[in-house]
Amino acid sequence: MKIPKVAFFDFTSCEGCQVEIANFDQDLLKLLQVVEVVEFREIMKETCSEPLDIAFIEGSFSREKDRERLQKIRQRANLVVAYGSCAATGGINALKNHKPDYKYKVEVYGADATMPHLETQKALPISAAIPVDLAIPGCPVNRQEFVRLVSDLLHGKAPTIPNYPVCMECKKKENICRYELQDTCLGVVARAGCGALCPSNGIPCEACRGFVDNPNLDSLVELLIKTGMQPAYAMAKARMFTANLVEE
Amino acid sequence: MAQKININLQHVTRVEGHGNIVVNATNGKLERCEWQVPEAPRFFESMVRGRHFSEIARITSRICGICSVGHQLASIKATEAALGISVSEQTEKLRRLLKHGENFDSHILHVYFLVAPDLLGVPSVMPLAESHPEVVKRALAMKGLGSRWSSLIAGRSTHPVRIVPGGFSTLITEVELVELKQSILNILPELEATAETLQSVADRIPQFERKTEYIGLVDTVEYGLYDGQIGCLMPDGQKTLIEVEDYRSVTNEWVSPLSTAKYTRHQMDSYMVGALARINLNFQQLHPQARKVAKEIGFSVPCYNPYMNTVAQFIEAVHSAYCGLELIDSLLYSGLEAEEPPLIQPKAGRGVGAVDVPRGILFHDYEYDDTGICISANCIIPTNQNHANIQGDMDKLVPEMLQANKSQAEMELYLEMLVRAYDPCISCSTHYLNVTFVK
Amino acid sequence: MNHPYSYADDREEKLITTEGAEREEENIFLPKPARVLQAQPMGRTEKYFRLAFSDGSSMGHQPGQIVEASLFGYGEIPLGIASSPTREGYFDLLIRKAGRVSTALWNLEIGDTMYIRGPLGKGFPVDEFKGHDVLIVAGGIGLCPTRSMIEYIEDRREEFGHFTLFFGARTPKDQLFPNDLARWREEIDWIEYHETVDQGSPEWKGNVGVITTLFAKTSISKGCRVIICGPPIMYKFVIKELKKLGIPDAHIYVDLERRMKCGVGKCGHCQINGLYVCTDGPVFNYARIKNLEEAF
Amino acid sequence: MRLLFLQKEELEPFVSRLIAWQEVVGPKAKKNRFVFDKLESPAELRLDYDTTILPPKKYFFQPQQDLIRFSPEGFTGCIEPKPRIIFGVHPYDIKAISMLDYLFSDGKKDWNYLANRQAATIVGINVHQVFKTAFFESMGASIVTKGYDLFLTDIGEEGFVVEVATDKGEALLAYGHFTQVTPDQAQKRRKILYGQSDRCSQKLFNLPEEVSEKVALSFYHPIWEEMASRCFSCGACNLVCPTCYCFDVQDMWNLDQESGIRFRTWDGCLTEDFAKVTVQGGTENFRQDRSSRYRHRIMRKAVYLNSKLGGPACVGCGRCASACPADLANPVPVLNKIMEG
């Protein structure tokens, strides 16, 4: 296998996914033997203009003016991987999307909200601007899954992201279900792949990886109301990381 | 010497988030000198409105992936203050231990991955793997400890999962505490080696001073990181303490047409937060081992050189390692109680939480209605507080460099190093505006 | 109430003690390496492979049986064996590029190694075909498992009655095994071959239409034994035609396709009601499964 | 039948010595539930448990189990059994283990399971507290007469009557102080094991054979659609079931991108893609609707495997009922309703 050239790019995000990559510890050195990182603004001054085998993009597409930069990346890269939920679905950034434009500006900027340079659009996945070959969900991405999916790509094998709910992984971990503890949980509709990290640590799943292909959202709302949640809030509950996926 | 300087550094590298430096000068006359922040606005204060208190910290954690531990702690403290929840001594100790973990982790990341290349004369850590393999191995080992430290306590180092109002949803075990202790002990020699490396390159740190106001937490229990009052230190040594609830009287945010970020000012035109501010404020509370290292490297307070922030960070990393060891011993000595976070009854109220994250003092402020739904929020991020100070430094530094007839390349390097020294976390972008620049 | 079941009574002995080495020998997940002797693209997305086990052993299969073929790192898939056991020293597979594993296998070339477990499942009960006329109705890729039977009949021609083959492909480009087809078209003494395509092309002179239109071209004897293999929707229509001809259900054999992960009756993916396609099939007597709701 | 007696205060030293000798797993408390887990000390053992979140199948058929390790040099199988004592298994779980033993040895033997199973010593215990949704009585799983090596019956303050069923069980005796059983103790044991038939809160109103016959004919019953409309297809009901054993097989490369593993993981027939295949030009899902998947599970428990097992593939542990977030996996009301109609 020829050593592929890869580069990392970031858009609207918290950069936590990049940090997760840095957290590979000594394994990072092993990874650097199978890929060549040629550009990674957060930790490298080097830039390059050569063609890339893989461009990893973190963050949402949230300003029209980023489109051009994205298109340039697309032109250079053989494969484009949107990694992290911001890039894959819009992620947490999309939580503002369903609020009328003027409203969030006023909330944050008060009287300054009318300044003309406040233009932002909805936070969208990278795929809203350019074609993406693979979107890896997760807030932040799960390191193991990231490596596994990229390794599949390097071998020319279409990567598999689970299409079953987090409950599957949660049960394998033998956790007590949040619902048994009178709590709520979005694990029933959330796409697995994280190893049920949140329920395993005693907190509900918030579906940071988005939903399975056909989430039973009606049943979810019914279930949340049964746990005592206000109906209006039950409808909004599933929108934390998935605002772009839930209709108003 | 007639000289035309035209610096336009788009998206400064090896910093978190996007920032630009623009400097124009002709014949030694400065025409323009700007620190610009073109990061896309993200509107977190708006996003948390209408969400339940149990979700808030998980949302605001996403302001920043590098100091997400600190964001969660500040957020949880604000929520606890608003809902009138108190936490056990054990929880507080564990949170302090966690805070040290984050401090260590982030500082190592900054010192090794972002600043070291400048000091060792390479563009990034990548070539170091060849030229200085021992340095890279050391860096990875230390970074590894940093993230394991937070992960053991909080479930994950980036966007931790176990920090909840009232305590921890899952407790670290005593076995894990012992394991953590051993890992920290194993890393102490690496810290010593780092001190030596730092000493050997100390002369490459630019000599530049600008007197400014320093702001950070001042705590009675320990060196201000997890808790305390807002301490403000003026260049003349005058120190005032302000309650966290009154943070707005310190931050005084204002919108500058020059920059996309909201600026802050207190008693002077700008102030500095972060490791250098903390160390200037709290030097005497540093762990003796950290003070010893400071002495070895030749660091003393007060220090007005912003480039020295990196050195201050390293000294803090040493401090956190030793304090971590002591906290672990004290937790093991008293034995871990199997505590469950309390069941929380929502009530209407407002609360402010402050934590000194690696890049400086951070405020979260929330108001809840009686069903526990957030009705207003305000977050003030350290990097925002530093922007005006960075601009202030540039305004003094650039003419000095012009005076000294520095080349454009040198100027670029020094300006970049200046920005990097602040370890700006630009993605913490709750307050950013989106300004179109006049070309 | 005492428990009314006897499930374990006489079956418990099955759990005999076997020690390490034997277990490894019997490890049902360990494949055997096989070398690619020939590799030739066919159709639009298919590729034909001739293989031989690297240890020289023979497949020893029944026509209609399957193998699990794999490449490490990519995974494993079920494939029908496309050659007859009467032709020794090699076995044939035909692989359609469909997803992860099949694409990786498709990319192999002469000299490469494929990993094979098998033969698995139940093939065509050849003894029940002996002495009877035989009709094979193959749609698309359904030709490959049935090819093992076709070759078998060719090699043991005297054991079978009149042999008719219907082959339907989507378009002329999708036709498989062109050399075989050419032979079948010409050598009419041992095979009555009829073909059709769903969509013709300017060069195509043959029949155009769904596979059932071929029934009008010939007459099928009542005592004929029939094999059907093709895409799921084909079965219903072909069976309807066969009913019209008065062929009893018990003389019809179908070759079914389901998701498979182990091929040895454990993983559960291929279950149709109570049956496992991998061990009870993939070849089923139609009379036996016609009432299973999930079969068609 | 060989019976011995173990005094209550002799239990702890017995378990202690076993722990010193081999890995011992047993029911331990996890908040308000129980799990089988490695015992560090006998004090953790909770023989008064109602049921565990996952059944003991996890020790033989692990949630994730390596099948093959490969590298450029070659490949090897991974049958790596580890001796282990499973202490405190309820009768219904023993019965379920026997079923899996059968299913994994039926046809081709699956040594990846069987080797683990062989390496285990099973110590049974009578049910103290009945789990809230259990119905093992209706499934004929309240009593087992085989499938264990030792079986303890707690006869109260005195201690345990211990049935020694196999040589493996016999081997454990050396680690404890056992005495002869008195006729009175043996009588108490009989009463406790066979004399309690009405402890489960849930019941089937018909015999499993009758259920199986009728449910087999209820393929088009409206109840499937009714129940499944709220189903999340989450598979929780599958995974917690002691008689569910479906799995997925996947390959994965190690960091070096050359070596790697082929492994299997638990799969569930309720999940959307379980019966999905890739065909020319797309996919085909043989159980596309939630209701068909929901029906498949219930049918598999009540009907499909009966001919192999000689009875239903459900032991009435009640785990699925409590694991289902939507509260609809419980087979009892479904089966009873079909029987009524």
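The first chain written gets the first letter, and so on, giving A, B, C and D; residue counts start at 1 in each chain.
Going forward, contacts are C-beta pairs under 8 Å (C-beta built on N, C-alpha and C of every residue); 3 or more make two chains touch, one makes a residue touch a chain.
Note that the coordinates shown come from a computational prediction; the quantities given were computed from them, not determined experimentally.
Distance from chain A peaks, on a Cα-centroid basis, for C. The centroid of the Cα atoms in chain C and the matching centroid in chain D are 36 Å apart. Centroid to centroid, with C-alpha atoms defining each point, chain A and chain B lie 25 Å apart. Centres computed as Cα averages put chain B at a distance of 65 Å from chain C. With each centre defined as the average position of its C-alpha atoms, the distance from chain A to chain C rounds to 43 Å. Residue positions of chain D touching 2 or more other chains: 250, 252-253.
Multi-chain contact residues of chain A (touching two or more other chains) are listed as 155, 160. In chain B, no residue reaches two or more other chains under the touch definition.
The list of touching chain pairs reads A-B, A-C, A-D, C-D. The touching residues of chain D, when paired with chain A in their complex, are 30-33, 35, 53-54, 58, 63-64, 229-236, 239-240, 250, 252-253, 255-257, 265-266, 268, 271-273, 290, 322-323, 325-326.
Within the complex, the chain A residues that touch chain B are 10-20, 22-23, 25-26, 28-29, 32, 37, 40-47, 62-63, 66, 91-93, 95-96, 99, 103-104, 107-109, 112, 115, 117-120, 123, 139-140, 197-198, 201-203, 206, 230, 233, 236, 240.
Those residues of chain D that touch chain C in the shared complex are 67-68, 70, 75, 77, 79, 95, 98-99, 101-112, 114-115, 117-118, 137, 140-144, 146-147, 194, 197, 207-209, 219, 245-253, 260, 262, 264, 267, 269, 274-280, 284, 286-287, 292, 296, 299-300, 303-305, 307-311. Taken together, the chain A residues at the contact with chain C in this complex read 152, 155-158, 160. Taken in their complex, chain A has these residues touching chain D: 1, 27, 30-31, 33-34, 147-148, 151, 154-155, 160, 163-165, 167-168, 170-172, 174-177, 179-181, 185, 187-189, 212-216, 219-220, 222-223.
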